[in-house]
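Each of the next two complexes has subunit A plus one other chain: subunit B in the first, subunit C in the second.
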Partner chain A sequence: MSGREPRRAVVTGIGAVTPHGIGTEVFWKTTVGGGSSLAALDRGGCEGYPLRVAGQVRGFDPAALVEETFLVQTDRFTHFAMAAARLALEDALLADADFDSPYSVGVVTAAGSGGGEFGQRELQNLWGQGSKYVGPYQSIAWFYAASTGQISIRHGFKGPCGVVASDEAGGLDALAQAARTVRHGTDTVVVGAAEAPLAPYSIVCQLGYPELSRATRPDHAYRPFTSEACGFAPAEGGAVLVLEEERAARARGAEVRATVAGHGATFTGASRWAESRDGLAHAIDIALGEAGCRPEDVDVVYADALGVPEADRAEAGALADALGPHARRVPVTAPKTGTGRAYCAAPVLDVTAAVLGLQHGLIPPTPHVTDPCHDLDLVTGPARAVEARTALVLSRGLMGCNAALVLRKGGARGPHR
Partner chain B sequence: MTDQVSYEVTLEDLAALMKRTAGVSVDPDQFARQADAGFDTFGLDSLGLLGIVAELEKRYGLSMPPDAERCKSPAEFLALINSALTTGV
Partner chain C sequence: MSRRVAVTGIGVVAPGGTGVTRFWDLLSQGRTATRRISLFDPAGLRSQIAAECDFDPAAHGLDPTTVERCDRYVQFALVAAREAVQHAGLDMTRENPWRTGVSLGTAVGGTTRLEQDYVLVSERGARWDVDARKAGPALERAFSPSTLASAVAEEFGAHGPVQTVSTGCTSGLDAVGYAHQAVADGRVDVCIAGASDSPISPITMACFDAIKATSPNNDDPAHASRPFDAHRNGFVMGEGAAVLVLEELEHARARGAQVLCEIAGYATFGNAHHMTGLTKDGLEMARAIETALDEARLDPTVIDYVNAHGSGTKQNDRHETAAVKRALGEHAYKTPMSSIKSMVGHSLGAIGSIELVACVLALTHQVVPPTANYETPDPECDLDYVPREARERRLRGVLSVGSGFGGFQSAVVLTGPERKA
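For the complex of A and B:
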């Protein structure tokens, strides 16, 4: 063991369950092709609300990827998380791994609202029939910590576990927490976020958000950085990544895709979008500082892209403040306009796209956006071929959290091939 | 007046409840052979047993003894449940 070389957290596996489909490959292919899975919300019980367009995960058979004992005790958001975790471990060639110690693997997830569908069913039983009709798994299933716990139980991981509850930006904060855990001595951390907000109770909760798009046309519902911006379309699904200590990953011959190089987080208050400019700019400064990057090193930005004019202006301003003149040159993209915003999972899907984009030398475009009205080089139309080394991923939450994450292609010793 | 209703809850009933309320499938032969083994052997946790107790209480309209949810094995659980059901306590 070389004592002087710092421990670095690298991405070695990715699993995604998204509106684009089940698995990382279909997510990437659709994303890089500029495809959109936004459509009329047609899930049973969800009709009749003034939310018409969303990113639904269709064709998801949880029983194909998760054992029944876990399914009955968990909500759909945990089904997504457990399925994505399994896909990520398979992708990292760790699915059947005999880890040296169960304590060498940790789990970190983020979730914004927990298990709304499960909770609604049990609360309806409570008020409709009485307390004896509430199942005991209600105590754990609707709790936003459920996914971390169930992934850890299912795979027998006993290393440091955690749950980040910091709004949508929590998806990036979870990755930062996982990277810290790796740097502090745990060799492997399974990290990500999944959400299932497309159930009646959850939808009613979201109707209180002024930022929610009430548009009826899927191609008009979520168009950030344009003069037609009218809010965001929500989505369900999630992604999970396997982070490993770089030397340990190389020692077992794993493919080192990207390094989690820097992170910054700030807070500027719920729906105070003008103020998020300053908060986001500071988060970018902190993240670049930790990564040892100059502004001009950033080759691509995955924007938060809320789709609210004031928030879009603040984000463009934050990039100008943090990156200086480079903000007008660096390609900016928001592939989430093709999936919708899956709350905490949204930035994790962006990290997934960013890692794959670095690997493939491509920047996926921003679906549904053709005429950006900000001074940004927004990638629209076809994907752009760029041999990028460094990606900056941004996220803001409706409750005021801001976060920035810097990813670098490959590991410290360059891309592994 | 004597109550003629048979309240006996069998291993098969318990296996069906485990499947329905906790998603736990057991092999009938193994279940019968290892009725003295801990519930954890079959993958049932304490919340799962709590759910089964609640189901039985609804089915028979009786409160089960507080110890029911603390039983360690299917055999111990069925003995306690059936005793409570026959005495009506």
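For the complex of A and C:
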């Protein structure tokens, strides 16, 4: 390949279905305005648990975005994923595209909680009525691969398909896998994550996480980097991005929003938050190295912001370790305090916000946080206008994975068409 | 950068006996490990048979805390990984932990434990708003499939990229395929790769009943799994785990490790056709085979054995036969192709890695494992399926293929340790 320009993976489309609403525009407007959609958890059957605050997707009519034949076969998490994929393809002006070859388009999704509501209903049919009452779609709705498979089938994409079933950091790993797939020769990859963990039995399973916030007030439930930090509020929803090889994207006149430039992933043990400092710092080093960036090139950090004091301390420490003195100067934000953490989808929403932030020259703030107790320039209050070129997105998972992703504004030849 | 990827250790927990020795004994003797389900009472199910592991966690050195915290499929993976790491002679105190990764696949993860606790919290399906107080300990670990790779990474102190892969029934090939890419690209030097599933539970058996994918040969469990045979009528559920230690070739040589074989190529595609249905022509699987061979820089004629997906459903075996003929051409007719699912059943996400371990052993012993129970030819399946008896043969390249729900088609190419650059 010597003498040829390397293949780069660029973002050309975004679709989001989040607690802020349906579509990317409402997500961005609410995010940049510092709005919060955390509220009392009031879905039927979910009210009686010591989890009181969550980010619910309200007013979602799946039939408006996904055909009935797919809806009956799938759980809510796949409804979100299919809706977001369609919005992303429309955004990239590829919804009705005639691809040269179906093998040139791949699909990668991350999923960490599966089709919980669908699965619970079928478990109830089995144990309440008998095995003959289990429906034909249980085998394809509950498992983690449902969203990738259905997106591939619905749009006729036959390229490399992947499913990352990791913890939160898996959302960034999926994006990195998609970017590598593009670099290795596939022209387009539809990639993202969506989760729907707000069904009764799924909630009971999550109650075992010591990091889960049990606060009752929506404005107090998720306040990372403060002395009042008491865990995280979970959320549902997700986002999907279209990644394309840069030259192919430019050749068809697509808008090149950002480049997925670097990724690093490490592991330091489930709930071992003090150790995550070292793991996250290593992940940042690897990601910056792959992107060819120096620490001082980082213009904004989208923090993992778990909201557990030990974990927040470790993240601030990791930034200091990896970025040196620049860590005290670089703006850090955590807009996920306004949506809650949608597991694998959480860092994908951050990537969505980061890409839009680079485009608009704005850093969205961290809702509910007013008085950070760490030596970081945390963006609180109004959004900040910054002509940023490079964003660093961080994520850690409850099972011990750490990941860092570097995004650069536009493509190699500038940000615009 | 593309580096060569060696396999230096293997471990397996499979029906018929734990450990590589007993696994190879079963395969090379063509015995079957399928039987009536004993893990729960299968009365009332259409398919009441499976290939179960007689697995005693304590006998394999798992302490009570690990057993309580880890679902059956995670226990399988820990035992298989210990065997593989020991086999590889890998001393983690001498490895760079940040350059050691884990990539493990599972199709259904902790669903066995999730179902057991569901029965308690729902009072046997009586209530939708389940009772949290009745849940057992560490249920959140069953809920998160990430537990699989996380538990194995903690066991060996790996600090590199750790990933759980869940592409349904191709998970076991894809997890090893991703590990291969990570080593080849230079992201890690060592990767503990494999897959595990323990899907023999009421909900999983019932959901395959609902689509009649599993065999109803309840009267004759030992002969129920009949890949490529004209009288095949569905797959027989299995369970188990397999782990391979993948390592950059020079890294393996530098520490004096035995190179069992190389992973030379990998590819995966979607068929974009149907979540459970397959096309007759096998076009996408053929493309996966061709792409994996291209990556391996191998001519199809170097493939001396095809380890089939061979699930024993009507459509799969027909589809796969067409795909292999399309990819290998005339050479397909001269190449033995067998399905070990005839002996150890179909353990969903795990089986791809179990089959890769079978491929490593086939290369090591220069023996092709048979397709047990194969008696009556099907006109649509007209290749050499190695009926009932293992066969000695010179093996240079081996191909393993997989096909799964979601339409995923994957292929892995392995070559013997004597291959020159």
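As a working rule, the second predicted complex is superposed on the first by the 413 of 417 C-alpha atoms of A that agree within 3 Å, B and C clash if a C-alpha of one lies under 4 Å from a C-alpha of the other, contacts with A are read in each partner's own complex, and residues count from 1 in each chain.
By definition in this document, a contact is a pair of C-beta atoms (placed from the backbone, for glycine too) under 8 Å apart; a residue touches a chain by one contact, two chains touch by 3 or more.
Note that this is a predicted model, so its numbers are computed, not measured.
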| item | value |
| --- | --- |
| Subunit B versus subunit C as contact partner of A:Thr69, first or second or both or neither | first |
| Partner chain(s) touched by A:Ala233 [first = subunit B, second = subunit C, both, neither] | neither |
| First (subunit B), second (subunit C), both or neither touched by A:Ser139 | both |
| Contacts of A:Phe267 with subunit B and subunit C, given as first, second, both or neither | second |
| First, second, both or neither for A:Val57, with subunit B first and subunit C second | neither |
| Superposition-derived comparison: subunit B or subunit C, residues of subunit A touched | C |
| Touching partner for A:Glu122 - first (subunit B), second (subunit C), both, neither | second |
| Residues of subunit A contacting subunit B in one complex and subunit C in the other | 73, 132, 135-136, 139-140 |
| Residues on subunit B engaged by subunit A in the complex (per definition of touch) | 21-25, 43, 47-48, 50-51, 54, 57-58 |
| Complex interface listing, subunit C residues touching subunit A | 44-45, 98, 102, 106-109, 111, 114-115, 118-119, 121-122, 124-126, 128-130, 132, 135, 137-147, 149-150, 153-154, 158-168, 174, 178, 181, 185, 202-203, 205-211, 213, 267-276, 284, 287, 404-408 |
| Residues of subunit A touching subunit C in the complex | 44-50, 73, 102-103, 106-107, 111-114, 119-120, 122-132, 134-136, 138-140, 142-146, 148-150, 152-153, 155-167, 170, 173, 177, 180, 200-209, 265-270, 279, 282, 397-401 |
| Touching residues (chain side subunit A, partner subunit B) in the complex | 67-73, 132-133, 135-137, 139-140 |
